[in-house]
Amino acid sequence: MNVKKRGRLAIRRRTPPGSSPGTLVVDPAAIRPEVHLMRYGPEELVEQGVDGVDAIKKQLGQSPVTWVDVRGLGDLEFIEQLGDVFEIHGLALEDVVNVHQRPKVDEYEDHLFIVARMHLEDVTGGSEQFSLFLGKDYVLTFQERPGDCFEPVRNRIRQNLGRIRRSGPDYLAYALLDALIDVHFPVLERFGEVVEALEERVISQHRENLVAEIHQIKRGLLGSRRAIWPMREMMSSLTRDESTVISEQTRIFLRDCYDHTVQLMDMVETYREIAASLVDIHLSALSYRMNETMKVLTIIATIFIPLGFIAGVYGMNFNPEKSPWNMPELGWYLGYPFALGLMVLVAVGLVLYFKHKGWLGQRSRFVPRQIDI
Amino acid sequence: MNVKKRGRLAIRRRTPPGSSPGTLVVDPAAIRPEVHLMRYGPEELVEQGVDGVDAIKKQLGQSPVTWVDVRGLGDLEFIEQLGDVFEIHGLALEDVVNVHQRPKVDEYEDHLFIVARMHLEDVTGGSEQFSLFLGKDYVLTFQERPGDCFEPVRNRIRQNLGRIRRSGPDYLAYALLDALIDVHFPVLERFGEVVEALEERVISQHRENLVAEIHQIKRGLLGSRRAIWPMREMMSSLTRDESTVISEQTRIFLRDCYDHTVQLMDMVETYREIAASLVDIHLSALSYRMNETMKVLTIIATIFIPLGFIAGVYGMNFNPEKSPWNMPELGWYLGYPFALGLMVLVAVGLVLYFKHKGWLGQRSRFVPRQIDI
Amino acid sequence: MNVKKRGRLAIRRRTPPGSSPGTLVVDPAAIRPEVHLMRYGPEELVEQGVDGVDAIKKQLGQSPVTWVDVRGLGDLEFIEQLGDVFEIHGLALEDVVNVHQRPKVDEYEDHLFIVARMHLEDVTGGSEQFSLFLGKDYVLTFQERPGDCFEPVRNRIRQNLGRIRRSGPDYLAYALLDALIDVHFPVLERFGEVVEALEERVISQHRENLVAEIHQIKRGLLGSRRAIWPMREMMSSLTRDESTVISEQTRIFLRDCYDHTVQLMDMVETYREIAASLVDIHLSALSYRMNETMKVLTIIATIFIPLGFIAGVYGMNFNPEKSPWNMPELGWYLGYPFALGLMVLVAVGLVLYFKHKGWLGQRSRFVPRQIDI
Amino acid sequence: MNVKKRGRLAIRRRTPPGSSPGTLVVDPAAIRPEVHLMRYGPEELVEQGVDGVDAIKKQLGQSPVTWVDVRGLGDLEFIEQLGDVFEIHGLALEDVVNVHQRPKVDEYEDHLFIVARMHLEDVTGGSEQFSLFLGKDYVLTFQERPGDCFEPVRNRIRQNLGRIRRSGPDYLAYALLDALIDVHFPVLERFGEVVEALEERVISQHRENLVAEIHQIKRGLLGSRRAIWPMREMMSSLTRDESTVISEQTRIFLRDCYDHTVQLMDMVETYREIAASLVDIHLSALSYRMNETMKVLTIIATIFIPLGFIAGVYGMNFNPEKSPWNMPELGWYLGYPFALGLMVLVAVGLVLYFKHKGWLGQRSRFVPRQIDI
Amino acid sequence: MNVKKRGRLAIRRRTPPGSSPGTLVVDPAAIRPEVHLMRYGPEELVEQGVDGVDAIKKQLGQSPVTWVDVRGLGDLEFIEQLGDVFEIHGLALEDVVNVHQRPKVDEYEDHLFIVARMHLEDVTGGSEQFSLFLGKDYVLTFQERPGDCFEPVRNRIRQNLGRIRRSGPDYLAYALLDALIDVHFPVLERFGEVVEALEERVISQHRENLVAEIHQIKRGLLGSRRAIWPMREMMSSLTRDESTVISEQTRIFLRDCYDHTVQLMDMVETYREIAASLVDIHLSALSYRMNETMKVLTIIATIFIPLGFIAGVYGMNFNPEKSPWNMPELGWYLGYPFALGLMVLVAVGLVLYFKHKGWLGQRSRFVPRQIDI
């Protein structure tokens, strides 16, 4: 996935300021919803596509858990009807279709409303909004489009793996959130690798200006931080939540899930600190190389400019015939060797001076010694 | 709207230090108030301009909700009379006319006093103070001048859209605050676009000094932060408020409104971080280009100065006739080719040296590779 | 007022380490106290200078409020006697004479002890300590020297303006603190103007090194921050205070006063952020100008050094008579035009190269485009 | 141990996203477990290797304290059986085998689950995960491989030193955590020495680019911080814990242990601040040396370029015979001395100018005066 | 005292990791303890040296307050016996001999254990650990060596000054802590003076590289911060402490003492901020001077290189006799004045160009205007 693309900054809200709260304005580009329904208990499993509110109503309450998964937000009427069936507050419905919410938990009388962001590993770029309503015997979820990271969860239901069939809808909600969060681990692993590669390049070769690349990484990490931080807050409030729709047993699982978000934040912050430090090294390397460049120029210029001056002096055209004071050196028997010797003397003197200053004879060493601790 | 103008730093308070609290000092430039009154219930709606306290008194209490909207603060006596009618504390009245308050909520015995700032999308620059008193059956608002962002709210009342006619004054107060806050979204969207455009320019071309432009953006964001942060605190304390003038149903709407302020702060902080990072890139780009400039100078000077020196030597006028030691090269058969050859040799040697140093033969690449993650 | 002077860093405590707490050590340079007494109620007002503890004792308790204002701390014995009359703890008295306290509130059994700092608008430099004891029916204040910002408060008492004569000593204490705090507004307004002026200069002309001036501003703001921050804490704890000497009505006024300190801190922090950002711009401007300087040098040197080399070559004295290979150009019919042409060729080539590099033909533009948002 | 190696950033989780929580996925490279069991009371001590769950079951409950120490996580079935015996939650078991947990404490109904990280002083690189279950009469620990820092604790048990034999399993858990934490002290001592050595080099000689080395230190300290910070949180929550498995006496010891983590964090933060400051000094030293280099170049070039120009003028070939205006100096009796004198004059003038500018005659002093405070 | 010396970073713990808690390991270099005992009440005072635990036991409980002051930690057995007499927990005793504790308060059943650090004003370098046990009728203190800052406290006891003889051991403990803390004031005053002197030098002269000196200051302040911050925490927890060994009256004194630590922290943080700002100014001054240097070089080189080129052209040896095109200027009647005139023209042109660029004619002004606010 391309760091650039995921970093779209400006969030466009569709509802105009001042419009009535709970006004549902559907993005014209939104996909028409497909609805997938699973209802299950320890002994039973019904899985089917449904295409109307009535079909959903019929299934509701027949099993311990009913999961209605709406994929696509492009049908206003249908979503409003769903809202009626599940007795959802207008504001929550508005948040469902207005797909730029921060992750959060809102508690309503007999259900919880959870908003999270779903990153798809195999799709380049971006995240989509995932909304979840958790009631006594149902889970209602909304995705922006078909295609998600929940297939392993569905398989666990289908194959009756683990405790999922024996647990309530709160456990299903947990399993979905857990899947959402764990997707971040491979993304951050790749960030870690890129940071390490950059670190290697910054320390070893120093030819290119890497700050723009470091900036891209920082930008990408900023994006991850924006995604994970409110997830962490959300999980933290879920674990502390007093509502009755979450059982004590599930709370232990949510705590584990919360630990994952803490670990993710820890990774993000570590990478960010390293990236910030890389900028420092890189700037110092630029500065150091400039210094080296200047030293070469200074040494060459400082040695040859005086020599050139001497040559210039003896290139003057004063007429030695007019006066014994006029450039008698030109007529000396050893005039030329004398001039050359003078030049050598000056050059040697300057070289010694630079040696004394320590500008020569010491190899510029940038790659640091390995520190063993 | 012009970033520069909106950033006026110095706040001028009109009341001199030490003056009695509750002293109303009206800005001489303030506009004389127009008063607009709406009173409504599920079944009724009266909307009219009023021009005296008595007219207001008569309307009060006849409908479930009365909204008195005062536009302009230039009539001291009228405001004091209003204060008497609605039993407003002198300090609150002082805050109404002293239009540099931070957004806040003050709780009084039987009403809430809310101060917020109103940004007008279509007016260049600046914000004005919006004060709101929320009582059991009235909402009293003060604006600095006519013209606001509440027309959609008024239309909802007039056309009986949504739940506004069926709700109490607390819901009206919510609707007004919501409109105030949502105005920030388009402003921040434009900030986001400017930051992205700057990012593009910083990374791609690097000709100009962009730091001053980045500073302007940072300054503008600082202004937005100053406006939004206390709004967020205000909304947070409203949602947690225990007062009886806000019903439980409205509190859910206020929570939604609070979420918006959180999201706004999130956007502001993200842009600020990116802007701060842009300064780093820009400075490193400057440094990098300086390095390139120096390298060109160093290469040219370092190659030609020694060559010039050789030419200078053979331009000396030592008299070869006076001594066989005096510049015999001048008389050699291949003297000139020898000198030219010597120069070529030196030049080639230096070029090889620079190649070895890696200063040549490697294109300076600033635009970074696209990182795919 | 001079930023430099107000910024004295080192605080000299007069009491040697290890000395008994409550030891009063009076600064030998302290001014002998003048005492000014006002006692008043709704109907009465007595205002007089007093010169002994006995005179004060006689007046105490005869009116609802007695304000004893001690101006000068140079009389140890008198202060100790006052301490006895008002039953003040030795530590509090020590804090009164040791005039480098941070603003704070200490609660004692039947009175509050408040320390604040008084900035005088019209006096250059510095602040003095203001100590206030608030009891059931008295306010006892200590200033370091005569001259304060309370004259408007005294006039309100004398002219029976506002509610001050009808209120208790807690309201008087509030009025005094409010006057102290409001003095900061004009000071910060001037800071704001200086910051804006600096901003203008940094962005527009860039000739001088402004960092030292920015440092002075930052230093001054640091001083204001040190003064205002503990005032804010102090006001916050006063509003939350449970003590009986402050009535519920006055608490509303203190809340307003607390809002002012919040607003002041807001201004200070905004200016500090802008000042910090100015340092960045300024350094980048320095860097940018260095770059420009280097470019001019590089262009001139890089063009003329090769030309000078060519001239040097044809200034060599190889003897064309000795050999046809020795500088035959010197004898060509168009030798000189050839040499000049060569030079022109080289110069044009280099100019084209610089054009290609983008170093020429683009005006260096520092003053940024105005950004419209 | 090598800083580079310990700094592996990317954490690889083995469980794929969406898999059932509590799924144990054992690292194929994990070592097969060896189990070491100690059970003891004031009067008794049994110490033996065991190789099956049944053997453990038999020993459990026979002494006040049983410590089962599992070294290696390579046997899935065995670990699951252990989980059954000690009634461990599936999530806790998952954390045991998934060896990238942050240190934490999870409270279960009748036992505590503690995760910490173990740094081995004598092994180069890395840390391993240490998991501990503390029950009423047992301590169950898991290490990634044999070899730990607990030998002194075992010896205290064997030789009945201190209070360990007379105390419960909570004291044993404390003793193990204390040993884990104290291992950090020698590591940080070496960090302190490296930082001091770097400081010495940065201040005194300034030849190399040390920023990369400073970065390595910062990176290492970042790693230590990541290890110690959650340990501190963990210890803090342990001391505040309400659970019944920790006795009041042991809590005092845990408080001491917590103090150690605070002290460690203090050391880490101090080193980090110093390292950050070193970057500043180093960059300023680079900048300073560049300045010195430029000054040498400027002085030499500025003096000799005008002199060379004078020599060039008198090297022109205008024909004095054609006109009395053409370079009459060449024919002057003292023409050459005049030219040399002119050169000396110019040189002296420039030297005086540089003296006036303060560029000469003042030794560049970098090593700072020792400040005595 | 020398900043360098006090800044030893690495703390060496003597107890090896894993050893039994409460293990007393005495530093072999520790001084053998001298014990000084004072017991007193309002009417009585016994002061004597004692040399055994039995002598102490005999004195205990005979007066309201007994102060046992142990100076030196070199006698393991004696300290253990003391521990038995005063019923001190092993961990506390370990902290006493392990002299690198952070200041802290630990509450035990019938006494408080306080650790603080003692800075001696008149001794160069370092601090020593001061441990204090406060019981119902005794104060037991441990110093690392004889010599302390408590002589004024002892004199207050001897001479019955203030309330110390009439108060309990809690007041004595307060008096000792107060003496310890107040010692920091003169140290910080000197820091303040050094910072101000550095500020003066940074702003005014700018010749030396002062960053290393600023670093030393920052390092010293870091040390002070490390010493004072936990003292502040300690005092804060003492004032909030619920334990019965501290009376209500003494708590007022402790609050005063806490205020002192707040004031100290305030000073430290202010100095640190100023020092950080000084680094910025200094770097900008370096950058500014580099710019000036470069400008001088550029001006001289840019003017003289073209002039030298012209001279070089007319120094070429093309033979005018061979062709009328070959350097006819050489034979012009005014050839030489023409060449000189050309040079003057070029020079004047360049000077005007530099004037236009603003590089000349404007004095470089670094010392800033005094800002009056």
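Note that the chains are named A, B, C, D and E in the order they appear, and that numbering of residues resets to 1 at the start of each chain.
Note that in this section a contact is a pair of C-beta atoms (placed from the backbone, for glycine too) under 8 Å apart; a residue touches a chain by one contact, two chains touch by 3 or more.
Keep in mind that this is a model prediction, so the values were computed, not measured.
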Expressed in steps between touching chains, what is the minimal separation of chain B and chain D? 2
Keeping to the contact definition above, tell me which chains border both chain C and chain D. E
When chain A touches chain D, do the two copies use mostly the same residue numbers, with over half shared, or different ones? different
For chain C paired with chain E, centre-to-centre distance based on mean C-alpha positions, whole Å: 24
Interchain centroid distance [CA atoms averaged], chain B/chain E, Å: 39
Counting only residues that touch at least two other chains, what does the list for chain D look like? 190, 283, 287, 290, 294, 297, 301, 305, 308, 312, 315-317, 327
Chain contact topology (line, ring, star, complete or other): ring
How would you write out the ring, from chain A onward through chain B? A, B, C, E, D
The chain D residues in contact with chain E across the complex are 121, 149-153, 156, 161-164, 174-175, 178-179, 182-183, 185-186, 188-190, 192-193, 195-196, 203, 252-253, 255-256, 259, 262-263, 266-267, 270-271, 273-274, 277-278, 280-281, 283-285, 287-288, 290-291, 294-295, 297-298, 301-302, 305-306, 308-309, 312-313, 315-319, 322-323, 325-327, 357-359, 362, 364-373
Could you please specify the touching residues of chain E with respect to chain D in the complex? 1-4, 9-13, 15-23, 89, 91, 95, 100-102, 104, 106, 108, 187, 190-191, 194, 207-213, 215-220, 222, 226, 279, 282-283, 286-287, 289-290, 293-294, 296-297, 300-301, 304-305, 307-308, 311-312, 314-317, 320, 327, 329-337, 339-340, 343
